[in-house]
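In what follows, subunit A forms one complex with subunit B and a second complex with subunit C.
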Partner chain A sequence: MTNIAEKLNISEKLIATLELEKNSLAGTAHIQAIRKTALGSFTEQGLPHRKNEEYKYSPVSALFKSELCPAKQNACAKLTKSTIAELRIPGLDSHLITVVNGFVSEDLSDYNPNAKSVLVYNTRNTAKHAPALFEKHFGQYASNDADAFIALNTAAFQDVLFIQIADNVQVDKPVVILNVTTTETASLASPRNLIHVGQNASVQIIELYVSIDQNASAINNSVSEIVIETGAKALFYKIQDDCPGLNLITTTQASQKANSHFDTHTVTLSGSWIRNNLNILLEGEHCESHLNGLFILNDSQHVDNHTLVDHAKPHCESNQLYKGLLDDKSSGVFNGKIFVRRDAQKTNAYQSSKNMLLSDDAAINAKPQLEIYADDVKCSHGSSTGQIDEEALFYLKSRGIGSESAKALLMLAFTQDVVNTIRIDALRKHAETLIEKRLSK
Partner chain B sequence: MAKENEILEEITGSEYKYGFSSDIETETAPKGLNEDIVRFISKKKNEPDWMLESRLKAYRYWLTLEEPRHWAHIEYPAIDFQDIIYYAAPKKIKELTSLDEVDPELLRTFEKLGISLEEQKRLSGVQSNIAVDAVIDSVSVKTTFKETLAEKGIIFCSFSEAVQEHPELIKKFMGSVVPYTDNYYAALNAAVFSDGSFCYIPKGVRCPMELSTYFRINTLGTGQFERTLLVADEGSYVSYLEGCTAPMRDENQLHAAVVEIIAHKNAEVKYSTVQNWYPGNKEGKGGIYNFVTKRGICLGDNSKISWTQVETGSAITWKYPSVILKGNHSIGEFYSVAVTNNRQQADTGTKMTHLGKNTRSTIVSKGISAGFSNNSYRGLVRIAKGASNARNHSQCDSLLMGDKCGAHTFPYIEIKDKSAIVEHEATTSKISEDQVFYCKQRGIDAEKAVALIVNGYCKEVLNQLPMEFAVEAQKLLAVSLEGSVG
Partner chain C sequence: MLSIKNLKAGIADKEILKGFNLEVKAGEVHAIMGPNGSGKSTLASVLAGREDYAVTEGAVQFNGKDLLDLSPEDRAREGLFLAFQYPVEIPGVSNINFLKTAIAEIRKYRGLPPMEAKDFLKLVKEKQALVELQVTLANRSVNEGFSGGEKKRNEIFQMAVLEPCLAILDETDSGLDIDALRIVANGVNKLRSENRSFVVITHYQRLLEYIVPDFVHVMYDGKIVKSGPKELALELEAKGYDWIKKELGDVIEA
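Here is the complex of A and B:
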C-alpha cells in the first residue's frame, strides 16, 4: 500500500509543481486537447514503479527525489552566440536550431528560415499559422499510454519544434538540433520535436545534447516524432556528449511508410542517468531501418537503451547493433525488441548487442527479445559480453605498445563498426575524436 | 496421409492416446481449500507435527499472495482455487507387499501407459532397467526395485514414506532450494502437496539404473501437487526420468509441482522430463495448466546438474527449471524442446545463477509452434559479482509452422563480473522449403519430411535423453505436430 501512496505522491507533486493543469489550457485548441489527454494519461499511470517490466533495470524514483520546477526559457545568462558557436561540430556546415530547456531559441539558431524546402515552426510563434501537416501528425505517433514519460512530456512541453521537409527535397546540409539544458535549479525540461520528411525527400539530422551549469537533479525529458513518407530517407544522429550530471530521458518514435529508409545512431559518452527509447514502426512495405548505438560509461553513469522495431508490413528489413564499454561503477542496459506482426511475411530482422565490462563494479543487463507472429521470416539476435582479449593485448604489447595505449587501441577498435557507419564525414571525425579523448581518460 | 508413415499412422486414430480415464475407486477430499483441508491431507498421510506446521505456514503465506497473471506471455481465465479437489487417492493402497495386491484396474492403467509394473518386476534380473515410482492423482502407488536400490544404500521412495522413515533428510533439504516463499505456486504446493518422490544417493554411489517417476492425473476436478526431492551426496551420480499423462477432460486441471535437486561435491544429477499432459482439444477446450517450479543447486565444487525436457503436452506450460551454481567449477545445463500446437501456450526456459568461481552453463532451447499456439522462451543468466570466469552459452531457436502461431524469445542477461563471458544467440525461422523439397524428391511425403526435419532440428536435445525416453520423445514430436503441415 505504501508503494501506491508514494507513487501518487510523487506524480501528484509533479503535476502541481510543473503546473501541468495550467499548461493544458495554453496554446491552440488542438494543442490544448492533446495536452489534456496526456495529463489524464499521466495522472492515471504515474511514474513507472519498480514492478514495471520496462523499467526493471532503471528505477526512476531517485531522479524525482527533489522538487522539480518547470525549466525556464532563458535561465542562463551565460548562453550567448559565442558559447553556442563553440558547441558546434567542427568543420560541419549545417543548419543550426538551438533549443534551450525545451524552448526553440530563434536568436541562438542559425538557419535560413525562408527556405521553402525546410520549414521550421515553433508553436509559441503565434504570428505564423500552424501548417496543415502539423495538426495532422502532431501527437499521432508517440502514445501517452505506452510510456509515462511520453505522457509527461506531452502534458508539459512548452514549445514544439516542427521541421517539415517538402516532397522531393534533398536537404543541402545537415540539420543540427542543439538541445541545451541549463541546470541552475532542479528542473524538468520537455523538448518536443515533430519531423516530417516528405515523399522521396532526404534529410540528415543531428541532435546534440549539451548541459551548461550542471546540477545533478535536472531532468531533460524529450520526445521526437519522426514521420518518413514513401520513398523518403532520413539519417538521425543522437550525440549525448558534454552533458555531465544530466538526467536524460529521450523517446524517438519513428513511423516509416513504404520504401523508406531510416538510419539512426545513438552515441552516449556523457550524462548521469540516461534512458533512450527508440521505437520504429514499419508501416509500409520494403522499408529499411538501421539502429546503431554506442555507449562508453564510467563513474556511476547509467544508460538504458530501449529499442522496439515493429514490423507491421511484409518485405521489410531491420538491423540493430548496440555496443557498450563499461568502466568503474557504471551500469548499462540494452533492451531490444523485434516485433513481427502476422502480415509481415518475408521480414528480415537482426539484432546484436555486444558489451565489454572493464571493471568488477560495472554491470550490464541485456534483454534482447523476439516476438514473432509470422512464419516466413528470418529473425535472429545475438548478445555477448566479455572483456578485452588477453591474446590481442599480448600481441600489441609484444610489438612495443604500452599496456594502457594497447587497451585504448583495442577499445577503439571495438567501437569502430558503430562509428564507421556514420555517414556524415565531419560528424564521424568528431565522434572519433570524442571517443579517443574519452578512452584515453 | 501417407500409408507408409508408421510413426504417424500409429497415433492417427486418437488425438491423445493417453486420454482414457480409469475407473479406480478413489478417496477424495471435498472441493476447496482452507486450513481444514491442509490438516486433512496431513492427517491422511499420518504426518508428524512439524510437517503439518510447515504446511500451515506455507498456506498462511500463500493467502497473502496474489495470483501472478501478467508477466508471462500466456493467457487464461482466473483459476478458482476453491473449485479444485486437493486430495484424491486410489483406495486400498496401504501395506502392499507384492504387486498382486495392487488394484488390477490400476495395473491396467499403467500398462496402457506403456509402463507395466508387472513386467518391470519380472525383468528385475535384467541389468539395465528403470526403477519406477508411479504417482496417480495425489498418491504414490508403487515404487519398483526398492530392494535392489537399498542394497547400494540408495533411498528411492514416495515422499510420504520418506517423511515417516527419513524425517532428518526431509527436514534438512525440503524447501532448501525452493522455499515456500519462492512464488505463488511453490507456496500452494508446500501447503497441499500430497505426495511425490524422494531420492537420496549416498556418497560415491553411482546409481545402477535410471530412476523414474510417472505422474498421472485421473480423477475429475482434481489438482495435482506433487513434490520431488533429489539429494545426490558427494561423488554420486543419478539419472532421473519423469513422465506425465492425464485423461481428456473438458475442464482445465491444475498441476503445480515442485522439484528440488541438491548436488553435493563432485555429484552429478541428470533430470529428464517428457511432459505429455493432456493439451486440450483443437479448440483449446480443456487441458492441464502445468505451473511447475523446478530448481537445482550445485552446492559443492565440481558438481553438475543437467535438465532435459521435452514439452509437448499441457494447455499451458509455465516452468523454468533452474540451476544455482554455487560450488566452484560447477556446471549447469538445460536442454529443452517445447512443442505447441492448436491453442497450446508455453512460456518456458531456465535460470542459471552463477555464484561460484569458474562455473559454466549451457542452454539449448528449441521451440516449435504450430496451429494457433504461442511458444515463448524466457530465460535468465545471472553472473553475480565475484563469480569470476563464469561462462555461459545460450542458443534458442524457434521454428514456426503456419502463419497463425507465434514464437517469442525473452532472454534476460545480468552480468556483474568483468571476467564473465556470456553469449546468447537466437533465431526464428520456418522449415526450409528446400529441405522439404529435397525429401519429397526422394519419395518422402511432406508430413514425414517435416517430422524428419523437426527431429533433426531437435537432435541436440533429444541426444541428451536416455535411450528409453528418446524413442518416446521422437514419437511424441511427430504426434504433436500431426496435421500442422500443408
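Here is the complex of A and C:
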C-alpha cells in the first residue's frame, strides 16, 4: 500500500512542478497550448501502473523511485567540443546536432544552419519564426492518450528539434543527433524531435544515446515524430551505446505517406532500463517499412522494445527482425503489434523475434500480436528463444578455438543479419566494432 | 603417439565404449571398420573431448600427455584433429574468420608469433587447391549451404590448414562421388609423413585402396574385436561382419 501511495506522490509532485514551470517554459502560443493539453492528459493518466498491459513486463515503479525535477540546461563541465568530437562515429562525415538533457546545444553542434535543404529549428530560439510546416505537424502524430510518457514528454519538453528536409532533396550526409544525458540531480529530460521528410526526399538519421555523469535516478523520456511524405525515404538508426546507467524511454512515432520507405534500426548495447516504442502508421499505399532491432544485455539491464505497425492502406510491406542476446540477470521484452485494417488488402507483414539466453537467470518475454481485418494479406510472425548451439561450439573448440572466443564468434554470428542491413558503411563498421567489444567483455 | 587403454565411456546409463584398446605410432595409418552403432563415432567424439560422453574407465595418452585431462580446444592445440562424420553448419561465422581464429589461438598456445595476413591467405589458397575445394570461403559461413561432398572436403581442407599430428577421419568418404573420393584421399596422402598419424573410420574398402592403412581393426559392440593387415578390409568387404560375430560367439560360448 505504501508503495502505491509513494508512486502517486511522485506522479503528483511531478505534475505540480510542471504546473508551476509551465508558464516559464519558452515557446509560442501554439506550443504553450499543446503543452497545456498534454499536462491535462498526463494528470489524468498518471504514470502507467502495474495493471497497464503495455507496461506489464516493464514496471515503471522501479524507475520513478525518487522525486524528479525537469532537467536543467546547464551541462557538466566535461561536455566540451573535444568530448563531443570523441563521441562521433569514426570515418563518418555527418551533420551533427547535439541535444543535452533535451536542450539543443548550438555550441556543441556541427552543421550548416544556413543550408536550404536541411532546416534545423529549435523552439527556444524565438528570434526565428516557426515555419508553417512546424505548426502543421507538431504534436499531430504522437498522441497523449496513447501513452502517458508521450503526454509527459509533451508537457515537459523545453526544446523541439525540428529537422525539415525539403521536397526532392537527397541529404548529402547522415544527420547525427547526439542525445546526451548528464544531470547531477534526479531529473527528467524530455528531448523532443519533429522530422519532416518532404516528397521524394531522402535522409539518413542516426540518433546516438550517450550518458555522462548521469545521476542514477535521472530519466530521459524522448519523443520523435517523423513524417515521411509521398515517395520519400528515411533511414533511422537508434544506437544506444555508451550510456551506462541510463534510464530511457523513447517513442518514435512515424507516419508514412504513399510510396514511402522507412528503415529503422534500434541497437541497444548499454543502458540500465530502456523502453523503446516504435510506432509506424502506413497511411498511404505502396509503403515499405523495415524494423530491425538488436539488444545485447548483461548484469541487470532491462530493455523493452515495443513495436506497432499499423497497416491502414493496401499494398504495403512491413518487415520486422528483432534479436536479443541476454546474459547474467538481464531481461528483455519484445512486443510486436501488427494491425492490418480492413482496407489494407495485399498487405505483406512479417515479424520475427529471435533471442539467445546465455545464463539461467536471464529472461525474455516475446509477444507477437497480430490483428488482421483484411482477407487478402500475407502475414507471419515467429519467435524463438534458444541457447548457444552446443554442436557449433564443440566444432569451433575442436579446431583449437577457446571457449570464450568460440562463444563470442557464435554470438557475433547471431547479430550478423541485423547488422548487415545497416546501410551506412561507416555506421555498420562502427556497430560491428562496438558489438565485438561488447561481446568480448 | 596415441595410446588408448581399456577405454570405457557412455552416455547417461548406456555404456558405448566397453574397454577399447589401440596403439597408434607416429606415421601409422589405422583403419577402423565395424557395423553401424558399434561405437566408432563415439570413440572419435570422446577423443576430441565432447562433454556429452562420460569416461568411466581407462586412459588415453597423446604425445605423452593425459588426453582426457585436456579441454577440447587444448587437444586440438596439441595436434589432434577430428574430421566429423556430420560437420555442422555455423551460419554467420565466415570460413576465413573461423580459420584465422583457430590458427591464431593454436599458435598462441604453442608460443609462436601470429601469422602474417599474407602468409595466411597463401596457406589457405594452397590447401584449398590441394583438396580442390572450389567454394569461395571468404564470404560464406562455415559449412552453410555446402553440399554433402563439399562439407567433407572442407573437413580435409581444415585438416590440411591446421596440420595436426594425429587426424581422425570419421567416414570422410561417405557421400563423396568417385572423383571427390580420389581427391580427398590424395589430400590425405600428401599429408602423410613419418610424424603424422591417421585413424581412418570407414565402411568401405574402396577408400583404403587410396589411403593404404598399416592396420585394419574391426570394432564391434564398443571394442576392437579383430585386427589385421590391410588385407583384412578386403575380407570384410567380401564376407561382411557375420563371420566375425560368429567367431566371437564361438569364443564366448567356448
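Operating definition for what follows: the second predicted complex is superposed on the first by the 424 of 441 C-alpha atoms of A that agree within 3 Å, B and C clash if a C-alpha of one lies under 4 Å from a C-alpha of the other, contacts with A are read in each partner's own complex, and residues count from 1 in each chain.
The definition used in the following text is that contacts are C-beta pairs under 8 Å (C-beta built on N, C-alpha and C of every residue); 3 or more make two chains touch, one makes a residue touch a chain.
These numbers come from a predicted model, not from an experiment.
With both structures placed on the common chain, the touch criterion links A:Q416 to subunit C but leaves subunit B unconnected.
When both complexes are overlaid on chain A, the residue A:F394 reaches subunit C alone and has no touch with subunit B.
By the document's definition of touching, neither partner reaches A:E86: not subunit B, not subunit C. When the two complexes are overlaid on their common chain A, residue A:D360 makes contact with subunit B while staying clear of subunit C. By the touch criterion defined above, A:S384 reaches subunit B but does not reach subunit C.
In the superposed model, A:A374 makes contact with subunit B only, not with subunit C.
Of all residues in subunit A, only 389, 391-392, 394-403, 405-406, 409-410, 412-417 touch subunit C in the complex they form. The touching residues of subunit B, counted against subunit A in their complex, run 71, 73, 385-386, 398, 400-430.
Subunit C makes touch with subunit A in their complex at residues 48-51, 71-73, 75-77, 81-82, 84, 87-88, 90-93, 97-99, 101-103, 105-106, 109, 141-142, 158, 162. Touching subunit B in their complex are the following residues of subunit A: 53, 342, 345, 355, 357-387.
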